[in-house]
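Next up, some structures in structure tokens.
One chain, chain A, appears in both complexes that follow, with chain B as partner in the first and chain C in the second.
The block that comes next holds the complex of A and B.
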């Protein structure tokens, strides 16, 4: 059941003379939450940008197993990662479509399927039933996710008008609408209050268990990381300094020194 | 702040405005050069300059005073917000009434040839505005060279019609195809650009097309333009007073007395239909995945990529479709004038079309109509003032920007609502 989903091998990313990621290897499994933690500037977001095609890594491999085949993520550039490899992500600073409604945000995430159903707009212009049905299906899927995060009654409001915590949740379910194999979350708990962050935990548990999606998580909020992760990868200066379960991580001397600090 | 100190700051502000206007009007209006005999002489116009500066000071002072009376302002914005909320609820009724009015318009008692000509011009700008709305309003790509596609449409129509003698209904789609081709041609190099940089390149593109039209003498006949473009016919019936032997003309076929108005009315309906097609198409495509992708791209391109939306194709379709409608409008322009020359496609045309879209409220279809009527109508009303009518044009823009900084109708309606979906 816990078969490997993502295998990162000797990943290196250099910006000129700066080595942001140095020979990083780790793996993430299906139906598990793998957290990447580390001090600011350790290269966590750079790993995400490599995985999701925003950067082209200098060296190394990123292999994703999908439907019994292995895909090299390096081969795909930007939007194709989401379209073909089904790797979805959210951003450190929320990137919704603020002037569009909540529902529209979720429909844009289903763009590629709807585009095919609309015959690249030709069937859609002609108002064919085939497209109408597909659109109804897409709205149903959006409603399903809105029900889960409790935003159904705000579906027709602008996404930019939602409170901060709801925007975070909306961004996550928007990424889920592309039905990803791997979901990369960049600091989803940043700026959330304790109640919202426990709701977030529940949502992530649901995605992991019920949706059979592997989650990669960057987070500074240790209550989230220690509470829900199955694995923790600790980065410092672009290098992996530790990998293990949350319990082991908390006990590790290097991690305490580099990042967690000592309770006084 | 106490009222007296507010008044003081307003006076200070208006004196400063006076200073700026002095610096502007002083050299531009105040120093008139004239050639007398040998050499240039400068004739100072102190009177006019002081009058203009005084007008600026008083105007600024009054605006300042008005901003003190907040109630007054909220009264104005109340009216406009009532209008836009009314448009939200009754938008369909207003649109249908507008279309019905446009249909009976040529037969109303006060409609003479001049009014109809102006209406045709306004409708052309409405169509161009709707076409550009796809690129600027929906996809958020600021295109300052839209007139290039208008020119490509007009010239391809003119060249095809004069060379092959094909009818309007064959040349029209061909002109659209050519314009779309040029839209994609422009689209490719500017894919990575946004905002200011995109605006500069598109502006350059518009100028390139115009300069090619001037210099490619063998094909475009240079600055002399192309003459003798065939007039449109009513399904094969020409609008001629004396049809050729054995040929029916519009008035002989319908047993009417000959009138030049027939052709004008036909042209009016032609552009009305073309504009309505543009509008219908835009409203329809906005609700399709590609339309939503345009708006999403306007909102956040990086988020789009992370969701698997192909930004290249999405932008290119926006450019191509926007250009197609520009091309249609261009063919109409060519057949109406029976003459095209590069002079008709200067930057000011692009600027007017962009102004119509922005002042109407980005992405708002009704806003484009109102802004076209307002801007083109006002310059026509003040035609007697000759060159000074551009002041009226500028004044209209300033008024809209003061009272409705987001455009006349800035409300965006979602393309799909859960409410409607559940009620189905």
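The block that comes next holds the complex of A and C.
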């Protein structure tokens, strides 16, 4: 199987006179975690916004290998990013559906399959067998993920009532319910305590090893980045200043200068 | 006592009609946060389509229950097309614009629809002979005989069926789930692969078909319609939705029932001329004590 998953080529994003991303090239592989780090305002989230169709890049290509073909992510916008290109993302702040139950949050992510099976819900109202089977499958899948994050006993509680750390994990498994090829996580460890953050590491390692998914991670928590990344891409002012393994990154002079400044 | 029961029955019938329209207001508000002022006129269009269909099928001489069923389907179908087109033409291009833009567009659409019907159908009132006649009589020994007409039974039962189907649709099926997801976070919903635009369109289709059933009931119940009925019925149903708590589905049903009851009780005991004043006064008083309506959730902004 082809290992390469995402290839970002000369990506440039300009807002008027401001160049948020400047000729950025990097690649990410299947079953690996690629971290994007950099000081505030380096353009990390902008990269995600380009990948998930929020922004139309000024220039450059973003190529995703999917089932032996290569697709250009630029051509996908809106719901097609998740439905067709199979790219999922989370945000810096929690974006669960707080007034829905934990289980329902995971079922929403499987909407497209259910919608077809239920004949646009007509069979759903009539409660036909065909729909019931499909729904049972969807619930099974949701339960599988709830088991992994240990929230099975809270399946019927509202998602908004969960503790913060659990909400973070639920958000990640909800994204996994659309069976993404590429999972983009924007600061998943923000606001987590050390225990929760080590649980998050375990979850991400599980996804990386057991699912056919590549993970792209924006993170400021260096214990997460250094602990689980396979590759690190360092951005500063929209430019890539370094790329390498976590160990190499820690030693790199450019990275230290970007974070701490240069000695005069 | 008998008189009270009679008013109660009349009120429930009227409340059913308001409730069905109110669902459309509350759903659209829930999903895109906008008051669809053209919704009352969609109800009016539904009434006209029902009238035309009733006359057409009435000429063929098919048995009445079948006629009613066919008219119901046709009315829902055609009115749903109107609701869908209104959304596509007037609201969808303005999505992402500032909040007041679709509201103004809705007011405009309301005027367009009224004038369209006035021009195409004429401005005079359109009568319809009573189709469903007869009823059940109770308390025959007392001075006041309580009559429950078959038409009233038909209206209430049909409303109960539609509302239960609708509740199942929203709470149990995947479409309802997608709708509730859109209500809470449209961006995230679309990032989970759900076609948000289509979900919004379906919301309009559902709301319009329920309003069209209310329109059909209105024709059968009152027997006269004109191009202007949508305004008052729309405002009343909107009041009902606000009273119950806008955005809440059971709230819309409850609100519809309350407005219907207030109106008939006021007309029955106090003065028929001031029934609209009564309905709106109750709204104002309620909102002072329950700013989010009876079943609405308070919108707490986190700081």
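Heads up, the rule we're going with is that the second predicted complex is superposed on the first by the 257 of 264 C-alpha atoms of A that agree within 3 Å, B and C clash if a C-alpha of one lies under 4 Å from a C-alpha of the other, contacts with A are read in each partner's own complex, and residues count from 1 in each chain.
Keep this in mind: contacts are C-beta pairs under 8 Å (C-beta built on N, C-alpha and C of every residue); 3 or more make two chains touch, one makes a residue touch a chain.
Keep in mind that what you see is a predicted model, and the values were worked out from it rather than measured.
Novice: Overlay done on chain A, so just call it for chain B and chain C: clash or fit.
Specialist: clash
Novice: For A:214 in the superposed arrangement: first (chain B), second (chain C), both or neither?
Specialist: neither
Novice: After lining up the shared chain so the two structures overlap, which partner does A:246 touch, if you call chain B first and chain C second: first, second, both or neither?
Specialist: Neither: A:246 stays clear of chain B and chain C.
Novice: After lining up the shared chain so the two structures overlap, which partner does A:165 touch, if you call chain B first and chain C second: first, second, both or neither?
Specialist: Once the two structures are laid over each other on A, A:165 reaches no partner at all.
Novice: Please indicate which partner A:155 is in contact with in the superposed arrangement: first for chain B, second for chain C, both, or neither.
Specialist: The answer is first: A:155 touches chain B but not chain C.
Novice: State whether A:43 touches chain B only (first), chain C only (second), both chains, or neither.
Specialist: Touch partners of A:43: none, neither chain B nor chain C.
Novice: Should A:136 be classified as contacting the first partner (chain B), the second (chain C), both, or neither?
Specialist: first
Novice: Touch check for A:97: first (chain B), second (chain C), both, or neither?
Specialist: Both: A:97 reaches chain B and chain C.
Novice: Among 61-69, 151-159 or 241-249, indicate the stretch of chain B whose C-alpha atoms run into chain C.
Specialist: None of the options clash except 151-159.
Novice: Residue by residue on chain A, keep only those touching chain B in one complex and chain C in the other, then list them.
Specialist: 52, 78-79, 81-83, 88-89, 91, 95, 97-100, 104, 107-109, 111-112, 114-115, 118, 120-121, 124-125, 135, 174-175, 178
Novice: Mind listing the chain A positions that touch chain C in their complex?
Specialist: Against chain C, the touching part of chain A is residues 52, 78-79, 81-83, 88-89, 91, 95, 97-100, 104, 107-109, 111-112, 114-115, 118, 120-121, 124-125, 135, 174-175, 178.
Novice: Would you mind writing out the residues of chain A in touch with chain B in their complex?
Specialist: Where chain A meets chain B, its residues are 52-54, 78-83, 88-91, 95-101, 103-104, 107-109, 111-112, 114-115, 118, 120-121, 124-125, 135-136, 139, 142-143, 146, 152, 155-156, 174-175, 178.
Novice: Which of the residues in chain B end up touching chain A in this complex?
Specialist: Residue positions touching the partner: 281, 284-285, 288-290, 292-293, 295-296, 299-300, 302-311, 317, 412, 414-419, 421, 424.
Novice: Within their complex, state which residues of chain C touch chain A.
Specialist: Touching chain A from chain C are residues 165, 168-169, 172-178, 180-181, 184-185, 187-196, 202.
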